[in-house]
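Letters A, B, C and D mark the chains in the order given here, with residues in each chain numbered from 1 onward.
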């Protein structure tokens, strides 16, 4: 119950005092009698000696105010605003692929990396996307994202959005809906597609073969195409998309979105060869000879199973096989049957939901982990439970009950803990058993690549466990000119992580072909750590500041077929959602008013126009006569525009209303200080786009935080 | 008439001496206190901040001279001078050279001990005339303290008079022998301590105890009148130091000529510095402790000193 | 002191005072007991005899119709703390002073009197303490109004 | 500060002589009232007959202001409670909020809190000792004490950018981690500290005059100390062995090895010297805490900007330099506390002044007041 950690050996509620030793007594008397008399007189001379000794030493004080011994970087003095939002002030992060990571690293070093970008494995510039979307430049937004994300429309549906969990807006209310904005950008790109999608010029003679048309393969293909190479993508299935097609259910990713984005890539010059099975149809050696470089992005092909009795009974299947069948035919032979899904990951949840949609009468999800530690994303679990999936947590499979070679049920054993003290996977089982009747058992406990066929006849060797030895950072295999990326390298993971590895592989291939050492002067993606935010508390937050709510199909309806669950944001919703972005770490004031809201003394006054398309800060006042130098405002500032200066004691401000004047700011590139102007003159803010009317009254009165307005 | 002129001339000289001494004394005290407290002291105005006191004096002269409405105005206005004049007059009986004092009277020692004591009247009346609780208490405290400390101070000087066989300060300096120093060491200590008390300086500055009485008897004074009180205090310090150096230490330990004069000045500065040193080292005593100290410690010590000198003189007579 | 001991102690004191309110909660090692206002003096004496020799805090909370008075006691011998809560009516804010039991209540009750207007009967020197002697009104009441008080908006 | 002829009250002394009491109004603007305290003193000659502290000159209504502020916005207010030891009020308040909102604080934050609060204890005690020394006229001892305080304040300045109102402890942790090299400078400071404290001890507490001024002045018995709710060095000097860090341990104090300093007489001297000796113990604690501390976050995860605890109340207390500093919070579920009350140690200690000063002289009144170490920001709130 205590809010802090005490010494482990002590019960927090134990209020018994510690053993107290009393060694020191404050009382101190002279000895009695003549000795005391001598002590008293000698104390006089001891005192004189002490002061004399100090006087003999050089003074160690300092000449104030000309020098200061310590000038801490944490001066909490008067404030400085480094810039005010005009629409050109914040750039998007744009750089050709090889230099992009370098750019990210520089920003990270300068502590100017927005958390959404830093937390994304592929460093997608979500801030720039929101900037363009709010500015009604959806095509720019889409292309900005596509530079790093290759398939924004797809990822806008299925990404697990690490960007949103790092979004600084979590600290204030709710994160920006970055993933739905990808989708908005994709949808609005439709009208620009014809004029914008052009064939990329092939400027180089080298050709690259890519095996697999999943996210990582397509990303590497797109990167290499932009560099001017000719890229051939081989896909064994008749349709491209890899795991996106076979693994991701259609209710999350409509097939036409995937097809559209792959078609865009083809329009840009990617040559796609479907139905070609490398290994059996075309030996990989042939590719190695034919192309300058070969990239294996084949993904994972089969599901892991458990070595338990009756695992080969009829009715037991693996997740990949089940999903492949379910996604292609919308019928996996579970109609009217009772389905048990073993596993607690996202794939397991997908299986359960697909089984429901294929007509299973009841679907149970059994996992070793307890409900709180399920590895699947919480929103997916929630959606699955909404649709009627039953979760049986903390149970592990014991054996399959199959009396006649056909599944009739499964015996489950209770699981006490999944991980040991060091965090390794080491499940501890209890004595409790439970028999569950079911007709189909789907094991979704992991996947593995199947590369034996692919590499047969080549010099590529697989490890004993069937894995391809790959350098995890350079994406090279043991054979020069052959690279690998995607889940072949990383193991089961997210689509965005595969995309990130595709970028790395493309960079390695570029270097290989151009004859540059693969690791020479190479910058790897920085992995900053961001604070984890708790569940947002929305009481006390005005509705206009909240995140746009994603409309969802009703839980009972949507489980019947493969129609999309998320219905998507409208254009207007998308624009205002994009305008919520705080432009983190841009060092430009965006008029979020969090400083004014936090200021305990009403010393800050922020005014802005609040139209999403042309949002602009029109006035920023700091009343130094009210400021109590608590520093909360600068701590709150999401953009780092507001900073403390070293002016606490050496301040040369007049203590009257001071105004941060935009024209003043433009004169002084390094930022400005309070000008001491009277508060009446409002400097007009001229953004590059729409001019702001002279009457710059804020459209949203709640954003005008000033004492006169607050009195109610 | 000529005596009056001479007196006026000497008085002017004494006042100037005090003014200069106070200027330097305040600066020196600030420097010493600064060093003791690990500071630099004044350092901006003039070389090593020497002009700081001058600028402060200028400021004090330009400040408004405030008289409280409740005060007894004529008394209130006059008292700074009544405090200053006796202190300044003490300077004219100090033997600046062997056998010579500006106002070399036969009872110079008595004059030196008695006349500055008249300033107690000024302090008492200053406190009373302010019509302020703190000032009144400060004035009463100062009166009790200064009168009490007259006794051990007089007794300690008396032993010198006994040795020299004269009450004339000039004679005392002329008659000085080196062996007086060890013989009158205790007397010098008593003289030193009671002089501090006499000029109301720490650790005996109860009359102006800033933590209890805000500023004691001159709480309500400001500007130049306040400055005159301060000058009187520093004048007292200078007079006590000069007299101590001239008589107890024989004015340069018996040396004559230029080195003797330099040594005299150095010893005077030493005694003054010791007073400053003590002030910036010790806490302040309480009124009853101060009285106890005067009557139960210093007076017996001075009497013992007197007795020792008497015995020494008697022994000398017997031996010779 | 363990929770069981504390429960037993409160039960023992309850035998003397039938109107002792039920135990509110036993949280963070601090027990909370509620007493009827007229039983406060006797409960205080009982608790004092039981070993609660320190009165750490006296304060009040404005609960609308009533004021909730909060006393925090501590016992060094028992190594235990206890909250005693009682209520007084807003229209008749009188309660017995515990100054006789714990002199520490002297200034703290004066403060509550000053800021809430609760009168402690039997207090030897019940004057205003923080506000000026001639001040009108009791600032810590929730309905206290002053032109300088700026109400903040509901949204932050 | 005027001589009120009217305010003299005439009474009869024991032997029937008419005695005229002199009423001296010490404060609210007086050199030794440690801020803006005021004591109306009735004097019989130089002896205090009655001393009546009149407080409230620094009453800013912080408890009332808190009702209109969010939990985060109150933290700068707590700086202004005990402006000599802002860290304590920060910490006590944040502990109450953490208890109310059920937050867990990372271990590194707890260690840093212990370090800053023990450094703050040194700084605050140096202020108390220095002010007591100045009250007795020992201005150089005051400067020496303030020299040590200045070192601590410089450390705090490097830590949080402020010298007086730190605003460093936050609900759920701290505002920022310590800068690079800060821990080393703290260790350097506490290593050099005992020698400097020894010097102060001999200069001031060993001095015969200072002893004469403080010994036997304002004697507080252990029974009175407990009954009147005295805490901290004021109570410990009377022999009351009571220190929350030991007897009601909180934070990581159970892991520290230190002694409780108690006095025997309960007079002004013991109270002040108790403070001095506590600084040695604080230095020990700081040294151990720096050695035990290791890296990690300094702020709890998932603390929203707008803290909205469930309805209820919580009380938490810490041992500040002046004694038990408790904060009582009542929440009604909104982002602002329904009621905040500060149980101030200096407030309880100052209530002892009429009892302690009676029968002493005016000079001793100042010493007694100084030995109680009142900080009127905390008393008046």
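Going forward, a contact is a pair of C-beta atoms (placed from the backbone, for glycine too) under 8 Å apart; a residue touches a chain by one contact, two chains touch by 3 or more.
In this text the structure is predicted, and so the values were computed from the model without any measurement.
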Worksheet, complete the sentence: With centres defined as the mean of Cα atoms, the chain at greatest distance from chain A is chain B
Worksheet item: Where the centre of all protein Cα atoms falls, which chain's Cα centre is nearest to that point?
Response: D
Worksheet, complete the sentence: Per the C-alpha means, the centres of chain B and chain D lie apart by a whole-Å value of 42
Response to the item:
Here the gap between chain C and chain D, centre to centre from mean Cα coordinates and rounded to Å, is 24
Worksheet item: Could you state the distance in Å from the CA-based centre of chain A to that of chain C?
Response: 51
Worksheet entry | Inter-centroid spacing, chain B versus chain A (mean Cα positions, whole Å) | 81
Worksheet entry | Per-residue multi-chain contacts in chain B, two or more chains | 36-39, 280-282
Worksheet, complete the sentence: chain C residues touching 2+ other chains are 28, 79, 81, 150-152, 156
Response to the item:
By the touch definition above, chain A meets two or more other chains at residues 2, 15, 17, 44, 47, 50-51, 54, 540-541
Worksheet item: For the complex, which residues does chain B have touching chain A?
Response: 32, 34-40, 43, 277-278, 280-282
Worksheet item: Can you list the residues on chain A that touch chain B in the complex?
Response: 44, 47-48, 50-52, 54-55, 57, 59-61, 63
Item to complete: Over in the complex, which chain D residues touch chain B? Could you list them?
Response: 1-3, 22, 24-25, 30-32, 46, 133-141, 143-144, 147, 203-204, 207, 209-210, 212-213, 361-366
Worksheet item: Okay, in this complex, where on chain D does chain A touch?
Response: 69, 72-73, 75-77, 79, 95, 98-99, 102-105, 107, 110, 140, 144, 154, 157-162, 165, 167, 175-176, 179, 199, 202-203, 205-209, 211, 215, 236-237, 241, 243, 246-252, 254-255, 259-265, 269-271, 273-274, 276-277, 280-281, 297, 299, 301-306, 308, 334-335
Worksheet item: Which residues of chain B touch chain D in the complex?
Response: 33, 36-39, 70, 131-134, 136-137, 202-203, 205-206, 209-212, 214, 280-289
